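One chain, chain A, links the two complexes that follow: it is found with chain B in the first and with chain C in the second.
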Partner chain A sequence: MRRLANILALILAVAVLYGMQQTKPRFGELTAPIPVYGKMHDRVHTREFDVTLDQVVFARQLDFTRYGEKKTLTTSGLWVIVTAQLAATTSSTSVAAATWLGPTGLKFTTSGRIGWAPGMPPHLLAPGLPKKVRFIFETMPDQVNGATLVLSGKVEPALDSEARISIDDLKTFNDGQPLVIDSYDPLRPLTGT
Partner chain B sequence: MRSRFLNLRTKAIAWLTAGIGSFAALATAFALGAFEAADKPELPQITAGESLDAGKWLIRPLKAWVTDQKIFSVTPKEGQKAVVFAVELMNRTIQSDSGYANTFHLLGKLQAIAEQPLAYLDRDGSSLPDLQPGMPEKITYVWVVPADAVPTGTIELGIEAWKFKLRNNLTGTPGWWSKAPAGTVSLPLSEEG
Partner chain C sequence: MSDVIEEKQTALERRWRKRSLWALLFLVPISLLSISYRDIDELIRYRDMLPVDVAAGETKRYGGSDWQFQGLRRVEGIRPGRLPAGSVPIIARFVVEIGDPDLQNLWLMCAIKLTDRAGRTWYPSSVPGIPSPQPGIETCSSTAFSGAQKGERRVIEENYLVPADVADELVPTLGMHSERPFYLRFTT
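Moving on to the complex of A and B:
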């Protein structure tokens, strides 16, 4: 009887240990960023900055003039232009990483094809001086509905907060497709502070 | 008691002989070159219009040519020529990625003398931009090489690919590791595009 109890205890211990081993959080999960969820037009507070997502515009191409040269950037998908207000909370900081997270989990980082322009990341922020900024992404039409904008100070914000703003205020047609304008000028001045 | 020890001893000797013997056999086979005769895994070879999954990228070569004219931002100097390779790449990962600069390398006698290629996006000539997941783009690679080293007829390129690993050993996060040859591209090499 005693022997049987011992064997059962051993089997139980093995099962518990195996379960613990299998469900053990990995390093990447333990040091993952801490998400702060929000909606469009709401002020989302992260540790280092506050963000308010104002507007999302979709365009087929980007047209602008730089150094007297006309440039047109085309895409096989869509350009997404996100305008937002950023403000540092207590000390000077920067917002370097922005990701357009599609509904299926595809991650689109800000496009580097435009080059440097005023109002483009990385955004340097100082407390008391809120800024109006732009983030421009290139994405596919099926990655629009149900997307999330992910913003953080660093590219891999281990154990730091990260804003996750659901894109819930879009102008869409009856079939769910977003309104896409033909052309957008990414160097157009941003109004407001 | 003594007989048991003897028994153990003979057993040990038998085991050791078998172990050392097999190592000796392997060493002899290796020295005689038996392993070189074994079939090596054959790498796929593709040509214009054929597709190949190579780690992060789905590759479809389009064409290759030689020129001494300016191509994107590269102008070959006197005595130099540009070997140009046009390819369609699709990002198979879940996030924007620009790690395709070293995916292709020249084979043959050019391998030793050619430097790193420059890679341009066909749409607007931007240099090595991020490719967005699931969105195929035409990319042009340019190698500047001495004019007398340019091969005639066909050109061979090696493809290097990273392998996907669900958990890396250090942090347990998914990623792309272990670069290895994934195949070759063989294309007719024309004069001028």
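Moving on to the complex of A and C:
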């Protein structure tokens, strides 16, 4: 009887261990960022910064003048220009990573084609000194409706909060297609602080 | 006969099982500590946690050198419009007499921050339009790599951009990897 009980306990232990091994979260899941969900125009509060997403504009091309030289950036998709207000909560920090997350899960990081310019990420923030900033992405027309903007301080945040703002306030046509303007100047100063 | 042996064994077994269970009380914390000791030791060096107050004008040894806080001053004369609305540029100045010249190790992660009464902190930042410092004045990190010798006196300045409403209540703090979790909190 005792031997039988021992064997049963052993089998049970093996089963439990096997189950634990199979369901063990991976390191990436254990240290995944903690999402803070929000909507456009709401103040979304993460551990290190507050963000208010003001406006999303779509454009066919970007036109700007730098060092006296006119530049035009075209795309076979769409330019997305997101303007937001950022403010540090308790300590100087920066917002380095922004991702345009399409409805099918495609991720678009901020475009590096414009090069460095004032108002481009990484955005350095200080408490009490909110900033208006731009994030510019290149995406595809079918990745617009139902998209999410993901913002975090670091490129690979671990166990830190990350803002996930649903893009729910778009100017669209009756067929659901977003309003796309012909040209946008990404270096135009943003009004406000 | 065999019954007696078995009884003895079970008694022995029981006693050892009890001892083992009691031992867990010590073994588990000790093993956790021994595994994570290095991580904890490294972790506490990233944050200023335990303040050491330094009176105004007092010289304090930190990171192997003697630090004296000279004061915060506002920078005037920057063209309006260059700075964000409601912000004030501030310079913090320290005089340091170099003790142990191994600054690259001792002054690692040197951070001079400003803290307001609510506990918010400002790191040094670039201030548009701020006049460049006089020759010989450097920041904490650039001094660490300047090859300063023992006994030298150096002036260290850091620039900040802070909201105007807290500019008068800010207190500077100094933290380094080699000394944390202790950090210096200077009285202004």
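Assorted remarks:
Note that in this section the second predicted complex is superposed on the first by the 174 of 193 C-alpha atoms of A that agree within 3 Å, B and C clash if a C-alpha of one lies under 4 Å from a C-alpha of the other, contacts with A are read in each partner's own complex, and residues count from 1 in each chain.
Everything below uses one rule, namely that contacts are C-beta pairs under 8 Å (C-beta built on N, C-alpha and C of every residue); 3 or more make two chains touch, one makes a residue touch a chain.
All values reported here derive from a predicted model rather than from experimental measurement.
In the superposition on chain A, A:106 makes contact with chain B only, not with chain C. In the superposition on chain A, A:124 makes contact with chain C only, while chain B stays out of contact range. In the superposition on chain A, contact of A:91 is made with chain C only, not with chain B. Note on chain A: of its two partners chain C and chain B, the one contacting more of its residues is B. Look at A:71: by the touch rule set out above, it reaches chain B but stays clear of chain C.
In the superposition on chain A, no chain A position is in contact with chain B in one complex as well as with chain C in the other. Those residues of chain B that touch chain A in the complex are listed here as 94-96, 98, 121, 123-124, 126, 129-130, 132-137, 167, 170-173. On the chain C side of its complex with chain A, the touching residues are 84-87, 113, 119-123, 125, 161-163, 165-166. By the touch criterion stated above, chain A contacts chain B in their complex at residues 26-29, 71-77, 99, 105-109, 111-113, 115, 138-140. Contact residues on chain A toward chain C in their complex (touch as defined above): 90-92, 124, 126-129, 131, 193.
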